[in-house]
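You will see two complexes here that share subunit A, one where it goes with subunit B and one where it goes with subunit C.
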Partner chain A sequence: MGRWRYFLQRVLLSIPVLFLVITFLFVVLRLGPVDPVAARLGPQASGADVAAVEERLGLNDPLWEQYIRFASDLLQFEGQSWVVQADRGIPAVLADTAPPTLWLGFWAILLPLFIGLPLGFYAGLNPNSSRDYISSGLGILWLAMPNFWLASMLAAFLASTASGGPLGFEWHTFGPNIQSVQGTPSLNFVTLSSIGPVPFPTGLDLGGFARDTKKILPPAIVLGSASMAAEQRIGRTAVLENINSKYVETAKAKGVKGRKIITKHVFRNALIPLIPVITNEAFLLIGGSVIVEELFTINGLGRTFFQSIIQGDLPLAGSLLFVFTLLLIVLNIFQDLLYTIIDPRVGYDQ
Partner chain B sequence: MTGQQPDEVDNTRRKLLLALGGSASVGLAGCTGGDSDNEGNGGENGGTNGGENGGTNGGENGGTSPSSLEVSPPQADKAQAAWERVINNPSPDAQGLRNEAYVEMEEAVRDDMVLLPLYHGLTERFWYNDVETPNTGTLGSHHQIHNDTSVEGSDTLSLTNATFNTIDPIQSDDTASARVINQMYETLTHYPAGVPELQNRLIEGVSVSDDQLTWTITLRDDVTFHDGSSMTAADVKYSLERVALSDNSVRASFALDTTGGLAIEHETDEENGVGPMSAVPDSLGIEAVDEQTLELQVSAPNPPLLDVMTYSAFAPVPEGYVGDVPGYDGEVTVDEISRQEANGTGPFLFDSFTENEEARVVRNDEYWGETANVSEVQWAIFSDPQAEYDYSVREENADIFEIPTQFYSQEQISAEEDDRGRDVGTYQLQDGPETEVNYLGVPELSTFYFAFNVSQTPKPVRMAVALVANHEQLVQQIFQGRGVEAFSFTPPGIWPTGQDGYDSWLEAWPYGRNESNFDAAERILSNNDYTSDDPYDLTVTTYSSQVFQQAAGNLRDKLSGLGVSLELEQAPFSTLQERGENGDLQMYSLGWIWSWESVAYGMFSFEPKNTNTDEIPGEANGYYLDWQTALEDEA
Partner chain C sequence: MTADRVRDRPDREDPILQVRNLRTVFYTDRETIRAADGVSADIYPGETLGVVGESGSGKSVTARSIMRLIDSPGQILAGSSIRYRQTETVRAYADSFSGHTAELSDVAHEVDKSAAFDQIDRTPQHFGHERPEDVPVADLVGGGYGPELGLCDEGDFVFVTDGEATRPGQIQRGFVEITALEGEAKRLMRGGRIAMIFQDPLSSLNPVFTIGNQIKESLNLHRDMRGSEATREAADLLEAVGIPDSRRRLKEYPHQFSGGMRQRAVIAMALACDPDVLICDEPTTALDVTIEAQILDLFTQLQAERDLAILFITHDMGVIANVADRVNVMYAGEMVERADVDQLFEHPRHPYTQGLLESIPGAQSGDSLSTIEGTVPTPNEPPTSCRFADRCPKAFEACREVHPVSVPANEQNDDHTAACLLYPENMSEQEAAMMHDQRNPPREESDTS
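On to the complex of A and B.
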């Protein structure tokens, strides 16, 4: 089976998955006990006010009509939020909330990649040394701290440095000035122009970039902490396994230099088990961002998704879930592709 | 993963829970019962007054003490009759009669125990010493307009807010959005800073015809909108029409309903009508007589009309500003007035609004009244209490703020009661700058309660719950003292028969005030064959709030072994409401917040026929009590 045929198959298979997800969400939210009109109007609304909104949102139409409208709106990225950002178009909501989450996710993936992985490799290369113990100990510590706890503690600690932290450290004035640990990064450091529908960056404001990076670092560390630990531990094991394998011995016997063995052979082989770990992180980040965005008051996809679910905002929750599902499917396919590049032995042929 | 905080769930529930941010005080706002004649509780049962046992417990007060309490026949007919008397006697002269009827309804609610009031909310505000701001009143700080607030050494007033989704007056239904809207839009009458003293704002005078059906309102001639045009009667007419007729209006009932509304005369027609209430556009009894004179025809005498007028939805916008009223094309779209534009008469101009992030208004230098001291007001929007606390206290970013219960300690308050029953003083911060800040605790016009679905919960069980409930313990231990014990639905601040009437009401409370009467509860239950061997299973549903779960847990522990087995359950607010509408709740927790001083505004939902969950939310709009099942002609 050729590579492209396999891809096609994967894409086709994702259609029933999407369909099931959409249907499941509709059933849960629409037939479940959450009343979007109550969430929107509150207890003081009179019966007539409630009936009018129900009519306007089309809640009195036959269920199958509601379902078809819901599904077609999703596929075309149309429709309007019912409650959370009442009457606002879904694309506008996405345009507001996606960038902060992407920015958070970017750093939350980058940090483990550049801290967890090197630490793990380092520990693997120096097994059972005191440096290994320190690195592994840190990894276990990171793993043991749950996101919601770490987020509260970090936010409270950094905030309290405003009135004098330990050794005079003050986070708000350390580096670029920020007013608060809380809040959404403005993300206006890039000036965008566009040719036709394709935007491209034309300018970069370094001060703004630094500020937004500083703002996102604490939540990104929290969000990335678990993955950081996972990568550290798996990286260590993978390096250890490879370094003791026969081919390394052979290479040594052939007289290949130690440095070359490690960079060219050991690292490359050690990366293989890490690929699913890293791509799976992306899913964790989507789930984890709900808590982290809430605790750091970041106006992102996670927080919006959570609010839309509990308030029965069917179109918004549906669209967000649709985006998440798409992302998941794309990442899965991308993961397969990465395998074939890093490890040529893995192919699509059976 | 869903460890949601009570106040992050949605706007409306936030409104309900607003009162959770309060402290302990038993000071109460002055009575506004009108020409009450203090005849006490006019009913024939429940004891007309409490005798001389002025103490906190019911003690030996014959007939009403817990030890001799018996299950009385259903009181629904009494409540229904009382409400009908209110409706049939709308004239101002009949105020005394209506007040008595309200007390009778309270008695019926109490004696049938369809609803157990828990506490009245208390709002607490804190502000740094460099901020000058008037003390807010019982109707809520969202009434406050910040043109008289000043910040020493700063041009920006920095505040926090909960999430909200519109800045359009007619689409707003929560205090979070009202806080912002009230800076940009003004209503004809207002309660300054939420103090319950009604004042004219955009009007010079009002006259009412002898039959009470025509109100003539004279407008000020010096009021201008943000776009520079002067406000005329035509603008006000359009704005009132917009509340009544626009599809986007969420409170059309406030314009058209006879109880709890302006009662503007109108015809309805399913075919030709528009808006939420299907009103016929040209039939509305609103007329612009000349530039400054507006005439309102009401469908029934409506004494609290000017009180209702304080609701932010009625704030004037220029005629034809939005095209969602029949006959107008509109200058801006609905989406624009919801989020990007504002054109009111207030002291601040719209600047920016990013949902879930921030809202900002700037000073209107052309304001017709006193221009603001600060050039800008900015709200950072939070849904997580710790995040808000970090921002406002640990980082000192907010000038005026609230303190969530987990960071709050009553011992830090040193305050004295003022003549409006507010606690005014200082609070010693334990975080951030650790300085002393200003403190204000205001008893609110709100009531939080446990209610019962009458058709699903037998009366002896309901009475047993009331007998074991210890209000003082609940408020002090579980709500951290941030509330005032409630023994009536109507808050004492607006009790219909005045402070004396309220005092005798307290004394007549038959279930024992601030004590748990286990013996009486057990006696009543066992007389009705509910025993610990064969207990009655009762499910209590609270909204997703830890404190209400704890309160329910407290009751469960007290009832165990007495013949009622209480099971706890929680649901998000919107779920709770949906289930209530379906009659699918046995016992539940909710709250009610008064938007203006009116007893009727809380009472109409007790009319037994209005509590029929088969008809809620369409025909009926009462509390989810199904009390009509206890009416004689329904039984």
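On to the complex of A and C.
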């Protein structure tokens, strides 16, 4: 089958991409104005200490040896942080910082998907009605607000309600209680046990789940705002385009029920232009999480990356970039998979 | 495909589909476009009615009105009637929609039509007749004036003219008024009774579903077939429209089919609903000539096998000559000439038809191809003159003052009519102009309601 062959091709192509990325990362990181020794010892460090640290970090080895160590550490997820969490193993740092980011990303993708997309489809099904204008107007408003601004404003507003906000609204006590708008969600609402190396959930603390969800909602809304707007707008256009298409008229002419025309004929075609929008937004979330995590002081991948890069923590920064790259590649493959499933024309050449 | 066949048919008297005074308008910010402006046509079982005209003459709008595919800002105006008269269908509809069925058997004879026209805001001329008593009750009821005249209830769309509404199985005659259909009744008519084939076969098929899926959808909707039974029937249909290796082809997607194959698949999809009337809106325009000939042959063959009534829309006179039994010529929203196909090609009466025939390459003498100058005007006003007058080589003064109506145009053949002031031939120009003028609705009245 042509479609699946095409898909396999795409998967195999990502392997050389991975190696290119590793090399590129090494070059960029080494070329940058980084001084891990100074970051670690402070600017007043004496010559002997500096030499010792340099020796220990392997900075005096030939460049090709450093490259090979860098590459193999990345591929095996090994190596140690130099500065940010000095001498800790990178897997341990990742295990600490990845969950909050994944939790944030999960909600930042979910919210637009379940708010932006339905709003867009709804607007497309009722074009040029007042409902359409309201939905589209909200979409443009969301799109127009930059993340960093929205994040500061939202954090400031929610924090200001601590002593009673407008209409008696107080975010901290609204729903489950939380101490602060900012901070990392604890994410210990799932009790994990394991049989051998495989962990599986054995219990769920609903209170903790609600607290963590509430904690992550403001940053997730900020992070997802642009996606929400984009999905709303493209969803609307895609539905409009398909609803006026010839095959919908044909379906009507053969007596297909109105609802089935929408659910079977329109939606599946409308999803095709939305796939790259949705997966591309997942890319943006990674970049966006750096700003949002910093502003909401969430100890996630984004914030840790930001610190590691300004402090010259080469192995940590490299590893995080490598993780981001892996995520992108997986998302790309996932996008191709969705395309292959939804659009039969993919991979077909005349 | 000759006129003889048409005349020999016993049920010549009873068209399966009757269109009367169809007015479909499109409201835009600037103007109201009267895309179909008083169109009347009859389609008989087993025959092909060709509708021919330039782009913008209202052919497709007429077809879409019959399918009820006109969406906002378009609207079919009151007074328009599209009647589906197949007895079996009337019985089935009277059975399923007894709440929307009205009996006209007895009341029809008792209607005082002069009084009726006093009640409604119309004149007999709006219905194409001079005197009230000439207007058929079906035109009034079908046009939506039944409730006002106390002949039926609001929302009725099944009308029994011979038989009893309470005993659907015994109904002898009647009609389903397509312009009044709503919801499920409208959906069942589409595809199940009247199917339509569109111009571009690629965009008519949904790109993300297999051909088999789309044919089976029709089978499922109108013949309640599912699973392997539907698959078998779908394969048979593909074979019937000339697609070999149909089992495998069912699993393929539209983009894997060639242009001609796609149109065959679209035809199979339309036939899957087992319709009695097939509307073809320029079905071969997107195909090359060889494939066109094959598809036209296919229509002829399918028509013979299934006794289909076909409404064939095209701008190609050559195609019309090939497929049609009778022809209606459309111009600017009106039917300007109707005749048997042989009559039309041998003795075209309307100057527009004559112009069309002269513009066929190869048929004319002289060095350059003769054409009709100008383009079809947009019919955005109620007609006050002949809409063809500006382009007509035979136009005279009255043509710009009087709107012509359809009149007999051929002494040998009653079925040959033309909407032109040159006819009837036995009248002088002045007499004819007066006669045509009298059969138009009064000017001052606005008829856009």
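FYI, the second predicted complex is superposed on the first by the 332 of 350 C-alpha atoms of A that agree within 3 Å, B and C clash if a C-alpha of one lies under 4 Å from a C-alpha of the other, contacts with A are read in each partner's own complex, and residues count from 1 in each chain.
One rule holds for everything that comes next: a contact is a pair of C-beta atoms (placed from the backbone, for glycine too) under 8 Å apart; a residue touches a chain by one contact, two chains touch by 3 or more.
Treat the numbers as computed from the prediction; the structure is a model and nothing was measured.
Visitor: Should the pairing of subunit B and subunit C on subunit A count as a clash or a fit in the superposition?
Guide: After superposition on subunit A, subunit B vs subunit C: fit, no clash.
Visitor: So which one touches more of the residues on subunit A, subunit B or subunit C?
Guide: B
Visitor: Please work out whether A:E249 is in contact with subunit B alone, subunit C alone, both, or neither, and reply first, second, both or neither.
Guide: second
Visitor: Give me the angle at the C-alpha centre of subunit A between the C-alpha centres of subunit B and subunit C, rounded to the nearest 10 degrees.
Guide: About 150 degrees, rounded to the nearest 10.
Visitor: So in the superposed three-chain picture, is A:R259 touching just subunit B, just subunit C, both, or none of them (first/second/both/neither)?
Guide: Touch partners of A:R259: none, neither subunit B nor subunit C.
Visitor: Tell me which partner A:D343 touches in the superposition: subunit B (first), subunit C (second), both or neither.
Guide: second
Visitor: Please provide the least distance in Å between a C-alpha atom of subunit B and a C-alpha atom of subunit C in the combined superposition.
Guide: Taking the overlay as described at the top, subunit B lies 41 Å from subunit C at its nearest C-alpha.
Visitor: Using the touch rule from the top, collect the residues of subunit A that touch subunit B in their complex.
Guide: 32-36, 38-53, 56, 83-88, 96, 148, 152, 155-156, 159-160, 162-163, 172, 179-184, 287, 290-291, 294-297, 299, 303-304, 306-307, 310-312
Visitor: Which subunit B residues qualify as touching subunit A in the complex?
Guide: 1-4, 8-13, 15-16, 163, 165-166, 171, 173-174, 247-253, 257, 260, 275-278, 334-335, 338-339, 354-358, 380-384, 386-388, 390-391, 394-397, 431-434, 571-575, 577-579, 581, 590, 592-593, 595, 615-621
Visitor: Which of the residues in subunit C come into contact with subunit A in the complex?
Guide: 67, 69, 187-192, 195-196, 198, 200, 203-210, 217-218, 221-222, 253, 255-256, 266, 269-270, 272-273
Visitor: Could you list, by residue number, the parts of subunit A that touch subunit C in their complex?
Guide: 245-247, 249-257, 264-265, 268-269, 272, 342-345, 348
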